[in-house]
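The data blocks that follow each hold one structure.
Here chain A shows up in two complexes: once beside chain B, once beside chain C.
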Partner chain A sequence: MLLALQLLCDGVLLGGTYVLIAQSLNLIFGVMGVVNLAHGSFIVLAGLFTVWFAAHAAINPLLAIPIAFVVLFGVGALLQPVLLEPLMGLGAQQAELLSLMLTFGLDYVLIELGLQVFGSSYVSLPYLQSTWSVAGLTISKSLLVGSAFAAALALLLSFWLNHTGFGKTLLAASQSEVGAVSIGINVRLVRLVAFAIGVGLAGAAGVLLILVEPMAAETADDFTILGFVLIALGGLGDYRGVAIASVLLGIAQSAVGFAIGGDAESVLPFVLLILFMALWPQRFRRAA
Partner chain B sequence: MRPITIAPALRRMAAAALPALVALLAGTTFAPAAAPPIVIGGTVSQTGAFAEDADFQVKGMQLAIAEANAHGGWLGRKLEFKVYDDKSNAGTAVRLYTRLITEDHVDLLVGPYSSGITQAVAPLINKYKMATVEPGASMPGIYVKGNEWNFQGTASSLTYLDELLPIAKKGGAKTVAVLALKSAFTLACSQARIDQAKQLGMKVVYQSSYSLPSPDFAAIGLAIKSAHPDVVIGCTYFPDAVGIAKALHDQGFAPKYFGETVGTVEPAFGTALGSLANGIVGNTSWWPNFKTANSPAIVARYKAMFHTEPDYHAITGYASIQVLGAAVQGAKSLDQAKLRNWLLHHTVPTVLGTYKSDPNGLSTGFGQYLVQWQGGALKLITPAKFAQAKLLVPYPGK
Partner chain C sequence: MSEAATALALEDVVAGYGPVTILHEVSLVLGPGEVVVVLGANGAGKTTLFRAIAGLLAPRSGHIRLYGEAIEGRTAHAVTRAGIGHVPSGRELFPRLTVADHLDLGGRLCLPARRAELKERMFGLFPVLHERRQQRAGTLSGGEQQMVAIARALMTDPRVLLLDEPSTGLAPKIVISVFEILPLLKAQGVSVLLAEQSLTLGLSAADRAYVLDHGRIVLSGSASELANDRRVVDTYLGR
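And now, the complex of A and B:
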């Protein structure tokens, strides 16, 4: 029983670290229709920056969260009008396809940038390396903090989208661009802000992920793939669904990793992706 | 009237002009031409995932070549190193080795960095019958019948952490957990340790492999904790070495003996784990205090040339050129068949240790030794004559 509870606890915490990866991509892909293959690069660049920041500034690495968010928000705000906005006038389907191709190239550029600036080695950050024992369960402090911050930021994003004027405007623009324009919404500005926030949150996710796992510039695409898998499982643009999928995947991976081993744990998300795409292909369709 | 004779004048002119003429001719047509350099070709991962380790390897080679040239080269000919960037990509390496052999017509080859890339170019090397010393490939599966032109220039992965289990058994350990990243090198290493445990009469209570990316080692950590082994051996690279150590700690489990292969000797390992690294055992094929051939002098010259400390990749690169040079000068030829024959039947004292090959090119001379993190620094544990500290037991895990 205790073992099952430990697995459940580990799985929920693992899922918590997934939530922000998935929700930041969900904003860019699910809401704005940009197939952002460079998403993992933003995450990894922020993670590598955090290690550098912690080493040089010698202060709490969690303080890198606002820095990474603001810097990458700025990067997103610069890239969107220059690279992505010109594609948006070509129709939703064309824009998705072309954004995929464009961000594929951008991903390579960002990974090479990471290699040049931070080197090719894996890096990690020793932070909160101790555990709490609660009713016989062992809980890693760094995993709990990383998971809790990621979940809190994902909740904040959800709140902003559903309960603020600009958030509702963004959702409205994503559902009907024509309708949004007809009532005077500046759709270009909405797209710019959405992309910038998505990239900024990817930066925050990178800071939190480096607290719990090693990263290297070339691991960027692993995070991108994980994000797309979670969106497929939870539903495109469906924030609640993606949050639940993140936690359930974390629990499933913990159980499978314990019972069968690491190989099965690694392959599980992809098996689920194939199953979901085969059985419910509409989960990858944007809300019209 | 004194007759005009031109002979003395001509003689004087000729005498004056002759040295200049000789000098002119010597510089142009009649002097024997300087022998062309011996061209050694290879690739190195200057970019991509292996760039940092590979950079050490190529610098070691560059130093060895520069020193050989300072001593007149080999067979009276200077050496030239033609090296391309394989971008840490096996396909690129295969194309570049094809170019080195068929277009650049290099005289000699050295292997690339990493077992995976070497495995990709090995059949090509075999096809063109180029006797090649390979410093970057520890995986024994490359050096088999049918690949007999490839010679391992580093210690075999079968020897990684091979000293730990006998020590643990002497210390009373009875049970073992063995983990492996799913790569050719690490799987070969884990099978060797599992076989060794069984030979020693120790029980393997948990074994598992995993692939990267594996963002979560918690489940594996919990499974190991449930099996409660006395010894945990991870056949790892850097990221999983860090991940497994963190996972065991997060699950509140510290085995009595804890060893991990590749990754533990990198300074970043200590940075990544902090105090948690203390007590973790790793392995190395070379250490700065080894009294192998000219080791201190080579370390000093490396530091002077590159302004950084060499690691074992640099020393392995240097040693591979030492072995190749010994073969060329021993065989007194660049004929590949003669070189292969020489490499099969001779030993070479190098800075890495003694080069020796089995009939398929597998290294049998180079060894792996134990190191352990103690007090935030790596200490050499074996061989006993160079040991800097005694093995810290049990692993503190905090």
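And now, the complex of A and C:
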């Protein structure tokens, strides 16, 4: 019983760290109809930067969150109009295919950039290495902090989307572009902001993830695929579904990791991705 | 009709998709407070025409004037701001947003006082939307969805409303109740350009009509004239 609770607790916390990966990807997907294959590389660049930052600046690594967010927001705001926006006028299918190819290429460029700047080795951040014992459960402090911050940022995103004027225009544009245009919403601007915020939040996610697991430039695509699995599982453009999916995947991984082992745990998202693609290909279509 | 007395005027508008030309030198006028219907069979180019007016499709040539001001080639959001409300074909609601969200989004460029006033007016026009205001648009009936689409467009406080086939997919009784608001809009000084496939429906709702066939205006006249004109039916039947 205690073991089950422990696994559940680890799983929920792990899932919490996933929420931000998935929601930031979902935001970009919802508004642009583009699965950003470079998402993981933004995450990893932010994670590697955080290690460098913590080593050189000797201050709390959580301070890297706003820095990573602002810098990557800027990067996203510069890249979107140049690379992605020109594809948006080509019709949904063309845009989808070309933007997949484009973000795939961008992914490689960014990973190479990460290798050049930060090297190829796995790095981790020794921060809050101790644990808490609560009612017989062992809780890793870094996992708790990473999970709580990621969940808080995801909630903030959700609040912004649902309760602010600009957030609502973003939801509107993602649910019907023609409907949004018909009431004078500038969908170009909406797409730019959505991409920039999505990439900025990927940066924030990277800072939090390096607190809980080691990273290398090459692990970028693991995060992309993880995010992709979560939005397929939870529903494209469905923020609540994706939050639930994140927690469920975390729990499943923690259970599989215990029952079979760490390798099975890390391979689980890939297996799920293949299963979903095979069984429910329509889950990868944009929600109507 | 003199310039000042014209709400919307199209002069020789040519538009299409890629290399294909759909609209061939379309000219029409809409007077203030008038309801004018563009009649045309499936694929005649009604939606293309409305998209060109609304700024979703840049015309290749020709002019579109709103109260004398040229608006052709402007972006869709600039056209909305200039005073053209667009109820797109197929309604294009935001299925996961509530009725109230649709109204607020439509009215988001108005001053808060004006927005509240317009909202009251919408609930007056469509009392059922007041009951349903916290309901998601995707869960409404077809007729209610059409009302939301119209109310959302009216919340932009337009001088001209483009209403693209509001009858699609609705039961005749519901269509009649939707069309009943047209005279009320007229009373508020909003001019309406309506697209419709059904002759009887279109002519019953409008003051004047244009018949569009393969992207050309082939006939025009008052609704009562055209209702008795055999050529209208012949155009539809492709004779």
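Please note the rule applied: the second predicted complex is superposed on the first by the 278 of 288 C-alpha atoms of A that agree within 3 Å, B and C clash if a C-alpha of one lies under 4 Å from a C-alpha of the other, contacts with A are read in each partner's own complex, and residues count from 1 in each chain.
Just so we're on the same page, contacts are C-beta pairs under 8 Å (C-beta built on N, C-alpha and C of every residue); 3 or more make two chains touch, one makes a residue touch a chain.
Owing to the predicted nature of the structure, the values given are computational and were not obtained by experimental measurement.
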{"item": "Touched partner set for A:L143, first chain B, second chain C, both or neither", "value": "first"}
{"item": "Chain A residues touched by each partner, larger count belonging to chain B or chain C", "value": "B"}
{"item": "First, second, both or neither for A:T131, with chain B first and chain C second", "value": "first"}
{"item": "Which of chain B and chain C A:G184 touches, first, second, both or neither", "value": "second"}
{"item": "Chain B versus chain C as contact partner of A:E96, first or second or both or neither", "value": "neither"}
{"item": "Touched partner set for A:K168, first chain B, second chain C, both or neither", "value": "second"}
{"item": "Complex contact set, residues of chain C against chain A", "value": "54, 56, 75-77, 79-81, 86-88, 90-97, 101, 104-106, 108-109, 152-153, 155-156"}
{"item": "Contact footprint of chain C on chain A as seen in their complex", "value": "165, 168-169, 171-172, 175-176, 178-186, 288"}
{"item": "Parts of chain B lying in touch with chain A, wherever the complex brings them together", "value": "47-52, 88, 179, 182, 208-220, 222-223, 226, 238-239, 242-243, 246, 249-252, 266, 268, 271-276, 398"}
{"item": "Complex contact set, residues of chain A against chain B", "value": "3, 6-7, 10, 13-14, 17, 55, 112, 115, 119-126, 129-131, 133, 138, 140, 143, 212-214, 216, 218-219, 222, 226, 250, 253-258, 261-263, 265-267"}
